[in-house]
Structures are given as C-alpha cells and as structure tokens.
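Before I ask anything, let me first share the structure, which is written out below as structure tokens.
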Amino acid sequence: MPIVTVQVTREGSAPGRNSVTAEEKAAIIKGVSEVLLNVLNKPLESTYVVIEEVDLDNWGWGGLPTAQYRQQRAAETKS
Amino acid sequence: MPIVTVQVTREGSAPGRNSVTAEEKAAIIKGVSEVLLNVLNKPLESTYVVIEEVDLDNWGWGGLPTAQYRQQRAAETKS
Amino acid sequence: MPIVTVQVTREGSAPGRNSVTAEEKAAIIKGVSEVLLNVLNKPLESTYVVIEEVDLDNWGWGGLPTAQYRQQRAAETKS
Amino acid sequence: MPIVTVQVTREGSAPGRNSVTAEEKAAIIKGVSEVLLNVLNKPLESTYVVIEEVDLDNWGWGGLPTAQYRQQRAAETKS
Amino acid sequence: MPIVTVQVTREGSAPGRNSVTAEEKAAIIKGVSEVLLNVLNKPLESTYVVIEEVDLDNWGWGGLPTAQYRQQRAAETKS
Amino acid sequence: MPIVTVQVTREGSAPGRNSVTAEEKAAIIKGVSEVLLNVLNKPLESTYVVIEEVDLDNWGWGGLPTAQYRQQRAAETKS
C-alpha cells in the first residue's frame, strides 16, 4: 500500500498553459502506480498518489525563488 | 510535541457541500489531538495538526484519478 | 481516502520504555481512523495511517534540540 | 541535496497583509538554503525549498483551530 | 524540478527478503523519474526521489496495524 | 507556528564521518528557527524542526541512486 507524493511547480508544460492539465495528472498517476506494480508487485488499488502543485514563488532553488534562479542560469549559459 | 498531518480530498461530506466545513475541520483537530493525549499523554498544546485538502484530480487511486476510480468501482459492483 | 501522518519523538511514554509500544501504535491508528470515520464518514478501510518516530536529536523546538529545550523550560519553571 | 519544507499559516506578518509576501518568501528561501550551506557544506544549487502556506482553519493547536487557540491564550493571559 | 516521495512498507517482495532491495529502489527511482520526464518534460537531473520505508507496525489500514488488517482480510476472503 | 522539515542524505560532512553530527543538527535547528524569527517574526518556541536523514540508496537524482549519479557526474566532468 504505497503512497506516492509528487510535488511539481504549478506551471504549464507548453506555451499558453499555466498549470498541469488533468490529462497530465492522470498520466502521472497511471505511470507511478504502474512503477510500484511492476517493481514491487503492489496492486494498483493499494496505491495512493497525491499531486501537489507548488506556486513558483513558493519553490526555491539555488537560494532563490525558482523564476529568478532560472533567469540567473539562463544568463550564465549565454555569457 | 506531535505533528499530525491529515490529507483528505477536497469534497463535501453531504450533498450540496463541496469542501470540508470549518466545523468538521475543528472536529478533526480536536479528535486527533485527543488521541495523542489519551494514548501517549501528549499535552494538547504541544500538538500541531495540519489539514491538507487535495483536489480530486490530484488524488490517484487504482492507477486513476479518484473520480474515475470510483466510477469504475461502482460499475463493477453493479455488474 | 484520507492519509494521516503522525510524527512523534522516539521515546517511551513511561519510565523504562524508550520508544512507542506496538500497543500504543495500534491505539493511535485506531483512534485517528475513527476520527475520520466519525467526522467525515470515511470508511476505515480507505484510511492509511503512517507513524513516523523521530529521534530526539532530530526534533527541534525553541531553536534547540528537544532535550535541551525541555531542560531550559524546566529550569525556567523552577526559578 | 537537501529538501527543506517550510509550513506556515497563511497570514500577514504586519497589519494590512493577509499572506506571506514574495519578498518574505525569497528571504526564507535564501536563509534556510544558507543554513544548509554553512552547516553541512551543501551547495546552494543542490537545495530545494518548498513553502506551504496553510489556512488558519486548517492548522490546529491545543486541540483547536489556531484562531480559537490564540483567543483562548490571550484570554488566559489577561485574566 | 519535481520531488517524488515514495512511502512503502519495509518488507520484502519475495519470500526470504525482509526489505526492499537496492535494485528495486534503483528501479523505482528510474521509473518515477522517467514518468516526470515523459509526461511533464522534466529533465531527469531536476527530479529528486525520496523512498521512505515504513515498518509494518507503523502503517495503519482499516483502523488496524497492517499485519492485522491483512490477516482480517484473508480470514474474510476464506469464509 | 511554523514546521520546518529538513531532509538530507545520511552521510558525513567530512572524511571519517558517516552521518550528520549532533552539533550539526543543533546548528540546523538554530539556523532555520532564526530565519523564521527574523523574516516572519515567529517566536522560536512556536517553531518545530524535524530533520529526516535519508539513506543514500533511498535518495534518487538524475534517475539514479545518488551515489551512482555522483559517479556519473564526476566521470563527465573529468572527460
């Protein structure tokens, strides 16, 4: 009876989207549940998956809010 | 100093409601805090309770988003 | 299908014990599961409970490891 | 590669605010990431920080929702 | 930069094992990281996976410690 | 009343150590509690800190267990 918690930033995976779509969530749920089935033989119905979308402001990386960290990395890559 | 985290789907417990009510949240907080008091003798004021409401789309069960899994189970029960 | 996570310090509830007993764990599981049943009408079999025991060194309170914080509070109470 | 999760109540730190500001979030991210750098020598870019803001109704303390517990404590202090 | 937390009971997936093997852990890490890559286009190097093994006594289901709940379900199925 | 959870790999910060020391844990607890005090004005005594040490096998990065991912990165850097 695994519990899988997936934390991702709340943003779109393509231009014009600003969040994870319901189809993408369903694909994540299916995918990680099948990993537990295939690797540990856990029946699908015993696995709970919880997806937590985190606002970009609330996710830090490199000591900065994510948006700023990405800008910094992009700037470094260019130079 | 226990920390109790309660994750539930964001939905009503009765027709016409679409979320957990403030009264229900207060009852959950009281109930689980008293369990820790009664079983482990933890003073109420040392227990933190955090309730996390999770959108139905973000909760997976049986490899599916919860709403679809419930439909599938209901269909199986009927047949 | 709630998930309840209970974090407590790894210590005994009575002299001569140094951890939570199996009976206490069972009582916590029973107690919190019944809270969800009574308040939100969640069937017992849909609730997962995970108990996490945390070493005293790994739990901080008042800016200090818990054992030191308790000593400090006990000293303050006496004086 | 530490992960630091910071859970706080969703409320302002000064009159007229009702949530944590973007500047405060950035300061939390910077501060806790630097703690991990200074104490454990973890590079900033390997630390993830996730800030979770929790509604006051969803945070329990002393067996009560936080707002009620604060009122009770304030009343006790006065008397 | 997703974080995936996988909580499973600490037990073997085959007779004679009493925990998840290093190979199984590696397969879980690979599998769930690839789900995030395939569904949300998250680079593998930006995904952290944390596996938490939970003692059977510390995992509750059906209001009981897991081992007891499984016995109860097995008994019900037979009768 | 913040809760700060710090997850780190269980390994030493210097040769000859294989875990985080008690002094380092105390410094982490002090440091992150002071961040919450300084940034959000949260009293030290209202902050709980929980440190979770995660075995290297149980932490994945880049789709691999951490030890393997580090070897791969080191090899890439050399070449």
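Letters are used for the chains, namely A, B, C, D, E and F, taken in the order the chains are written, and counting of residues starts over at 1 for each.
In this text, a contact is a pair of C-beta atoms (placed from the backbone, for glycine too) under 8 Å apart; a residue touches a chain by one contact, two chains touch by 3 or more.
For reference, the UniProt names are A, B, C, D, E, F = 4-oxalocrotonate tautomerase family protein.
None of these values were measured; they are calculated from a predicted model.
Chains that touch both subunit B and subunit E are the following: A, C, D, F. The contact pattern of D-F recurs in A-E, the pair among A-E, B-D or A-D where over half of the contact pairs coincide by residue number. Judged by shared residue numbers over all numbers used at their interface, subunit A and subunit B contact each other through mostly different positions, with under half in common.
Summarising the inter-chain layout, the chain whose CA centre lies farthest from the centre of subunit E is D.
Averaging Cα atoms per chain gives one point for each, and the point farthest from that of subunit C is the centre of A. Relative orientation of subunit A and subunit D, expressed as the C-alpha superposition rotation angle, is 120° to the nearest 5.
In terms of C-beta pairs in contact, the better-connected of the chain pairs B-F and A-E is A-E. Subunit E and subunit F have Cα centroids separated by 23 Å. Our note on geometry: subunit A versus subunit F, Cα centroid distance of 21 Å, whole angstroms. Of all residues in subunit C, those touching 2 or more other chains are 1, 3-4, 7, 28, 32, 34, 48, 50, 59, 61, listed in ascending order.
Judged by the touch criterion defined above, the protein chains form a pattern that is neither an open path, a ring nor a star, and not fully connected either.
Every pair of chains that touch is listed here: A-B, A-C, A-D, A-E, B-C, B-D, B-F, C-E, C-F, D-E, D-F, E-F. Across the interface of their complex, subunit D is touched by residues 7, 54, 57-65, 68-69 of subunit A. Taken together, the subunit B residues at the contact with subunit D in this complex read 4, 22, 25-26, 28-30, 32-34, 37, 44-45, 47-53. Residues 1, 3, 48, 50 of subunit A are the ones that touch subunit C when the two sit in their complex.
Interface of subunit E with subunit A (complex): residues 1-9, 13, 20, 24, 27-28, 31-32, 34-36, 38-42, 59, 61, 66.
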